[in-house]
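Shared chain: chain A. Partners: chain B in the first complex, chain C in the second.
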Partner chain A sequence: MVIAVASGKGGTGKTTVSVNLAKAFGSAVQLLDCDVEEPNAHIFLNPSVSSEKVVNILVPEVDETRCDGCGECSRFCEYSAIVSFGSKPLVFPEMCHGCGGCARVCPKNAIHEVQKRIGVVKSSEAGNIVLIEGVLDVGVAMAPPLIRAVKSSLNKNLPAILDAPPGTSCPVIATLRDVDFVVLVTEPTPFGLNDLRLAVDMVRQLGIPFGVVINRSGAGDDRVHAYCYEEQIPLLMEIPDDRKIAEAYSRGSLIIEALPEYRGIFKGLINKISELKEQALSK
Partner chain B sequence: MKELVVISGKGGTGKTSVAASLAVLAGNSVIADCDVDAADMHLVLAPQIKEHHEFKSGHEAVIDIDKCTGCGVCLANCRFEAVSQHAKIDGARYFKIDPVACEGCGVCVRFCPVQAIDFPERLCGEWMVSETRCGPMVHAKLGVAAENSGKLVSTVRQKAKSIAEDGGYGIVIVDGPPGIGCPVIASLTGTSMALIVTEPTLSGEHDMQRVLSLAKHFRVPAAVCVNKWDLNPEMTASIEEKAKAAGAAVAGRIRYDRAVTQAQIQEKTVVETDAPSAEDIRSIWSYLNL
Partner chain C sequence: MKIAFTTSGDDLNAPFDSRFGRSPKFLIYDLDKNSFEVFDNQQNLNAAQGAGIQSAETIARLGAGALITGHCGPNAFKVLNAAGIMIFNTKASTVADALESYKSGKLQQLDNADVEGHWA
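Showing the complex of A and B:
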């Protein structure tokens, strides 16, 4: 089973839920940190990195001796990543999606593709958890190819938890593709509700079964509860607004280790997800 | 004209609450909500929408099943795993494109031997120009699962800038997106200053360092403020040290304050309430001296 933990906005406790859920699994589980712009799961797990793999995408390189400046490549590129003004084209690798089209349409065969590094995928272990994290290089704009690389390291025979990037745009979609269940984490505040609505629209559009976790429950108002009730969205778990939790988080500690009284609610979350997934399958 | 962008690296550090407060303190500025993926500023600034615009960007490939001969060239050509194989009732195979996975590169369109693939423009969201109690505001809503948030960010920023230029406004306040990827780069490049709002947690520190190196990469001067600093005073001190070492200024500290959520519930910015932390935000504003 592959479970993704996502949220309409960042800082709602998505990583907290992911790492504690992984720990509460008890048995072997994979944790994939797909928040490659700001990967933080490792902070709570202190794993020893055992391997690191560089991830590249292919970008074009122009052979000046063959190029006659016809501009076909630049007309083809949908992202203005290769631009020619009646002369030898300029390549803007940060805009390139690596589709390979320019090299193929060039009538003079003047373009070939070269590897460009975008980040790394690190694998490590911490107790029952195999942590696979993607780390995007600073200054690189393209997260989705790195997320795909993280996901391709997934071992299908073991359960997996995916810590998704915040929001609802391309990196999140790349993460949620082919997952079995989505846990949406939110806060009981007006910002939290607004962002939850966007996230709900997204997972409904993707057709993935999902439920909601309310973090810092009690800190705001009850509009998130009312919304979930009206929309018939299962409420999976509530984490109370407890300063002890904020402090444990600030030190990089796991809730279920620093505050064992919360172990039960994370176990409960696992059971609830399995039940809902079964129901969705039988439908 | 000056452009201040408020970013955070990590989400949920209180960036939007700070940015909205600064807009109120600025008095009369142009506000650009560039957190197009999770725009929240409108919840506290109550914008009156004056203009609506569609945001179209790029294309998406759509296979016409009637023309498709099932040759499979598109499947082999797509580098984004967007093409999948299916069978018609009579058993003949055909191909389909997942609109969510398609990056709109156009390779399949160009190389389909029977021209069975259409390439319509893609509607990715909308952007609005509004009026608020502290000045004009440009904001947007990215469609669900849409790409190109970087381009929408640039559209919002450009519109805000031109409103500022035409109307003689001295300041544009930009609420930037979280992270360090394409939308952040689009909201950061060429601004006068970046205010980085972080929190005293290991994740906050880690992400601040990444976003600081991004600001440095694009040569934007940066100032850091630690929100909820009293949750962990030692960590706050260490974050401020690291910020200075990286060449950033320290703009101030904001205390942990439950009244911030209450302000949100009342649809007000923090500085419009008697929340204790309002004072901290005021002193950051005077430090920035814009």
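Showing the complex of A and C:
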């Protein structure tokens, strides 16, 4: 089973839920940190034995002697990464999504692809958790190819938890694609509710079963509860607005280790997700 | 020579727009005929990325030999340069003002991008 933990709003507790859920599994589980612009799950896990793999994308290089300036490459590229005016095309590697289309449509075979580094995928272990994290190089804007590289390291025979980046745009879609269940983490504030609505729209369009976790429950109002009730969205778990949790977090400790009384609610979350996933499958 | 101006309106009295890549429209003024045409840039206004590159390609296709705008980023500069288009910047408030400044030789030609990418 592959579970993604996402949210519209940033800072709602995706990583908190992801790392504690992974720890609560007890048995072997993979944790994929797909928030490649600022991966931070490792802070809570202090993993050992690390391996690192460089991730490249393919970007075009033009052979001037073959190019006749027809402009097919430029017309094909959705991202303006290659531009031609009847002369040698200009290439903007930082705009390139690495699809390789320009090389395919070139009638003169004047374009070949070269590797361009975008980041690394790090693998490590911490107790029952295999941590796989993507780290995007500074100045690189292309998160989705690195997220796909993180996901390609996934072992299908073991359960996996994917810690998604915030928002509802390409990096999130790249993370959520092909997962079995999405946990949307929110907080009971007007900001949390606004961004939860956006996230719900996104997950519904992707057609993935999902439920909501309310973090810092009790800190705001009950509008998120009312929204979930109206929309018939399962409420999976509530993490109370407890100062002891904030203290553990600020030390980089796992909630379920620092405060064993919360171990049960994370175990309950695993059971609830399994049930809902089964229900969705039988529909 | 034809000159491209960045604007949000449809004639010479229209407000001058300081953005290049995401300018709502381009007014192309023909110095030889003293006439102009206006072209919509809506597609690039809403582009996720590469608006400067696409806009540079657009005005090159429209036959502009010069561009008068507020600012020009590095990628747009590369394309304009490759297309042999001169770039001038001004803080004029209308297209007519910008044209007048150009004609009286008050505008300085840019020899490099004057802002970072995605400055807006």
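As a convention for this text, the second predicted complex is superposed on the first by the 277 of 283 C-alpha atoms of A that agree within 3 Å, B and C clash if a C-alpha of one lies under 4 Å from a C-alpha of the other, contacts with A are read in each partner's own complex, and residues count from 1 in each chain.
Simple rule for what comes next: a contact is a pair of C-beta atoms (placed from the backbone, for glycine too) under 8 Å apart; a residue touches a chain by one contact, two chains touch by 3 or more.
All values derive from a computational prediction rather than experimental measurement.
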item	value
Partner chain(s) touched by A:190 [first = chain B, second = chain C, both, neither]	first
Contacts of A:10 with chain B and chain C, given as first, second, both or neither	first
Contacts of A:171 with chain B and chain C, given as first, second, both or neither	first
Chain C versus chain B, contacts on chain A by residue	B
Partner chain in contact with A:85 - chain B first, chain C second, else both or neither	second
First (chain B), second (chain C), both or neither touched by A:227	neither
Which of chain B and chain C A:74 touches, first, second, both or neither	second
Shared chain A contacts, counted only where both chain B and chain C touch the same residue	79
Of chain B, residues touching chain A in the complex	9-13, 16, 37-38, 40, 43, 58-59, 79-81, 100-101, 103-107, 110-111, 142, 144-150, 177-185, 199-203, 206-207, 210, 213-214, 217, 228, 231-232, 235, 258, 261, 264-265, 267
Interfacial residue positions of chain C with respect to chain A in the complex	47-51, 53-54, 56-57, 60, 75, 78-79, 82-83
Chain C-touching residues of chain A, taken from the complex the two chains share	74, 79-81, 83, 85, 87, 90, 92, 95
Chain A residues touching chain B - in the complex, by the definition given at the top	8-12, 15, 37-38, 40, 43, 76, 78-79, 94, 97-101, 104-105, 136, 138-143, 148, 165-171, 173, 177, 189-191, 194-195, 198, 201-202, 205-206, 219-221, 243, 246-247, 249-252
